Amino acid sequence: MTYIAQFFSMMLTALFIENIIFTRAVGTSWLFYLVKRPKEIIRYTLVLAAVVTLSGAIGYPVRGLIHDTQYRHVLVPVMYIGILALVYIVVYFFVKKVLPGQFEHFGMNLGVGVFNCAALGSLLIPAGARLDFISTIGYGIGMSFGFGFAVVIMGYGLTRLEYCHVPKAFRGVPIALIYLGLLSLAFYGLVGHQLPT
Amino acid sequence: MSEIKEKMNISESLQYIFFKNPVLVLGLVLGQLAAGDTTLQNGAALSVTYLLIVVPVLVFASVIGKKLPGWLRVVSYTVLAALMLVPAYFICGSFSATIFDSLGIYPALLAVSTVPVVFASKIAEKQSAGEAALTGLCIGIGFAVTALILGGAREFFGNGSLWGIKFAEAVYPAVKLPFWGFILLGFMAAGVSAASDFFRKGKEINKNEEENQ
Amino acid sequence: MSFFVKGILLEQKKEPMLTRSTLVMRQEFQYFDCDFMETPIDELSKEQIIEIARLAEIVDESDGKMLWEKLEKAELGEKGTLIVDAIDDEPYISSQMAIGIHHQEKFALGIELCEKVLAPAKTYIAMYKHIFDTNFSIPRKIGGYKVEKIGGRYPAENRAYRHIPKGRNSIVIGSCAMLHLARAAEDSRKMSSCFLTVAGDAVSNPRNVEVPVGTSVEEILRLCGLTEEPEVIVVGGSMTGRAIFEPENELVGPTTRGIVALSRSYNHSTYNCIGCGRCDHACPKALSVSTMRKLAEFGKFDELRNYDAAQCIGCGACSYVCPARIDIAATIIKAKKQMELAKKEGTL
Amino acid sequence: MTEKLMFQNAPHVRQSESVRTMMTDVVIALLPIYLMGFFYYGARALMLGLCGVLSCVGFSAIGSLALREKFSFDLTPVITGLIIPLLMPADIRYFVIIAACAVAIFVVKVPFGGTGNNLFNPAAVGFASAAICWPGMVFSYPAPIQSLEIFGESATKIAQSPAYSLALGAVPEYEVLDMVLGNVPGPMGATNIFVAAACGIFLIVRKAVNWITPASFIIPYALLSAFFPRIEASSFDSLCYELFSGTVIFGAFFMLSEPVTSPKRDFGKFLAGITSAAAVFLFRYFGGFEMGFASALIVMNVFSPVFDRICEDILHVYRHKDSLLRKKEQNPEKEEKKEKAPALKIFKKAEKKAEIPEDEEIINVSLINTPGEELVPEEKEEPFEPEEKAEESEKEEAVQ
């Protein structure tokens, strides 16, 4: 029983309080890519969640071995990218064979959908915090849905931005960055201290 | 953007330093800069890692990338980028022993940022190896310029020191936090877009003069 | 009134014009001749009355249509209602009400003739109730016809006629048309004049005026006298009229309700919209006005269609209420015209 | 007669009240709170207010110069400049106020386009950024009833504010009457609840603030704090402590009801009030800092267009009710499929946006130039050719 409670508490913290975008600024370029394609948000968040749980589960035992060596700063990311590559190939052929309808929606974007900072961030941060198995998975899933939540909020904001007289120099990327900065300022108030990256 | 190219007759890839700066104008590698780039050392380490990742991946893409089937292409770029992390790790290690604690996971995220995948598949595959290397170099320099300016500013205002040497007393300690990274990046991006508009208008004016004469 | 729809309360400033008698401009009257000239008025048949209206070319000032066409086409059922439109809900303007108050016998005669043609089950005169600054009360009956006081906020006109029972058809005829019909029937006079109010703080003695159709605005203003140089001259109602530049070649027609000469135009605001939401409150059609203005300003026409811009009646209540003095109604109406243009060209 | 005629848009009579009169009402409502600050903390409170106002107005002047637009003097920077010092302790240093005002103007107002376009409440962002930067200074309060010297360091006993002890779960040791009257260590203006509420009601009477926002925020917040007390006290005590500590009452009347960032419709304001009450309660319950109110407010500003959208959909049904009813009579079963009120999702608008051809002469606010697309003009099919096409291109290469 405590596992499920631990799982959900980790998931909720990762979803709202320690949101991957607002408090750690991980995966923002992928966020900007998705904000302009509102139809694909749910699909890519689910892909993200699936990939993170799969590679988190595979990576957990391997991580246990190497997270005390002297070169852990390099080995852990390389190991996780390797696992991500394996998982990508599995997911690629799984989607191609089992649900071809979805496949042409993805086209080649599946690669970008899997290999992005949000996915790797959701794997590395629990590894850095040395969480046990259940909370690693919970944290990973929470982070992916937190990413979706952040994209939805940014979507609201940026549709509203179209009706402001933004000065010419600030149009486009700059104003979206400032908006994202103000939002993460608000969520920072929730956390209160700088999170260990 | 293409009209900039002939007007200023610089080669296509040189724009990636300023006019199509990967971070400020195209909005590609933002998270790592906003959160990771809090000191000059971090900025230098990130830009070295980034340079070491982008150039080989683009060269690899232009040489071999075209031949591989679609799905293998993306995987190969990312794995190569991951492998390039190892030399970057040793170079950054030479800066200072505690560099990795303050950097955390952000140099590793550079390998997976959208740049290798997007640039490689859209640009490098259509270019020759030399051109791809030049484009990679320019992207790396563009990133490095932004990272160093941001890191230096934040370190100076954050804890009043530059490259670890203390000058003054910390003016605004919160600049080291991620949200201030976003806001400062936003203002820098606005500066770049204003400057490029100003520069392009200048270019257009003397272009019209040439036509009138 | 439903919870959402509010409209606005305006101080009507109708005072000196309403109580003063109508000033008639010197004009020579044209007459028409028809075969049944000598039959007394109360034996005129239905066709004869329509014939009189046609010969006298009477134009109904409430909607600009010819009176005889309206009478001919209108076939009220057994429970039809005839409504005499004397609602002047815009400030300064009281041309229709003045008819009901100063020319009561001819007005009643006109209504009687119309009743003979249409044989409605019920007739009443609609007048706007919320006039606080007049020192006399609106009569309960005019010439035997009940006066129904239309209450509520501006714009009362479109709300009053929206309550016409859908099932049975009913007809709205302007009060000036009634007067012209009475004159045509009595001394077979053609409709050569129209009633309008000359008002505004730049006019020396503002009053209701009867002027021949086609006189220029400058002549009318000289008739009533100007205390100072007006900055703005408005033709039509004070809420829905339009400002004009050359008063000498601006001609007056039967449907112009009034001329307002203002000494000082309201100061053009430099404030941005602060989003206080008062225009959303004031809109009688319950439209989301503040968002529509932004959409119109940024030219996003298909989203404007989603916000039902077509239902805007251009009453100007939102611009009246806006503290930042932004011309909201003008922007939305302009965008509506562009939308219709785009729809015609098929781009939308 | 004709040379002086000017053009003027349709309604030629206008209401006498203007933005300036509304803003002066808010400024007048803020001044008594400064008098209370003066009463408790001496002349330093007034000097802080003056410094806030001058820096805000100066920065907005610089901002409009930078944007090369005419500087229209409306009172919104003055109001931001008045609110920020009220949230800070009375012995704060001056550069903290100037930094907060700089952030409030340069980061929130100027990049978004001036007074009417800011998407966040400038006072809340200014205070939040200063609080995060110098938590030590901003959250340590001097004891009241002492006149601090205007300039220079004030080495006075730094006391704990009731909000801080609530965050730790301890019952604050001040009794409720003191908290209402304000002689309790806390932010300079936000502790005297009685005066703040009185000024708020003055604003409501003057119609500068809609009565729905404060009411729909305070009542649910009181209920929440009564049912989920953070401290072991009777629910009524917990209600009083929660309500009168921190900047809840002051914020409800002055910061939450700021017209620019709150929803436009009454029902939207009602929804915003309730969700803000829940958000503030959650932020104070779980939050790290004491400033739960300011950061919860920034998050809620994101959702005000959503509440407007909900009201718009309800009104859409109300506007088309007769056509909907008529359709329901003619064909009750087919009706649901065909005539559907625009879906609640805000993204319905965003999707439609994509298809409109970007023609030039309408003001074209280009949103974010997406990574990847900017480099190469978007080919018709996927950004990268799907796998099958890759084989054909290889075949073609093989053929050449």
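By written order: A, B, C and D. Residues from 1 in each chain.
Quick note on the criterion: a contact is a pair of C-beta atoms (placed from the backbone, for glycine too) under 8 Å apart; a residue touches a chain by one contact, two chains touch by 3 or more.
All values derive from a computational prediction rather than experimental measurement.
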Maximum centroid distance from subunit B, chain identifier (CA atoms): C
Chain pair with more C-beta contacts, B-D versus A-D: A-D
Inter-centroid spacing, subunit D versus subunit A (mean Cα positions, whole Å): 28
Separation of subunit B from subunit D, taking each centre as the mean of its C-alpha atoms, in whole Å: 35
For subunit C paired with subunit D, centre-to-centre distance based on mean C-alpha positions, whole Å: 44
Distance from the mean Cα position of subunit B to that of subunit A, given in whole angstrom: 21
For subunit B, residues contacting two or more additional chains: 25-28, 70-71, 114, 118, 121, 177, 183, 186-187, 190
Sequence positions of subunit C contacting 2 or more other chains: 272, 291, 297-298, 300
Residues within subunit D bordering two or more other chains: 107, 111, 114, 117, 129, 132, 349, 353, 365, 368-372, 383-387
Chains grouped in pairs wherever the two touch, ordered by label: A-B, A-C, A-D, B-D, C-D
Parts of subunit C lying in touch with subunit A, wherever the complex brings them together: 272, 291, 294-295, 297-298, 300
In the complex, subunit D residues that touch subunit C: 1-2, 4-15, 17-22, 70, 72, 74, 76, 114-117, 210, 259-266, 269, 308, 311-312, 315-316, 318-320, 342, 349, 352-353, 356, 362-363, 365
Parts of subunit A lying in touch with subunit D, wherever the complex brings them together: 17, 29, 32-33, 35-36, 38-39, 104, 107-109, 153, 155-162, 164-167, 170-176, 178-179, 181-183, 185-193
Residue numbers on subunit D that touch subunit A, as the complex places them: 67, 107-108, 110-114, 117, 119-120, 125, 128-129, 131-132, 283, 286-289, 291-292, 294-296, 298-299, 302-303, 305-306, 346-347, 349-351, 353, 365-372, 381-387
Subunit B contact footprint on subunit A (complex, rising order): 21-30, 32-33, 71, 73-74, 76-78, 81-82, 84-85, 88-89, 92, 108, 110-112, 115-117, 119-121, 124-125, 128, 168-178, 180-182, 184-185, 188, 194, 196-197
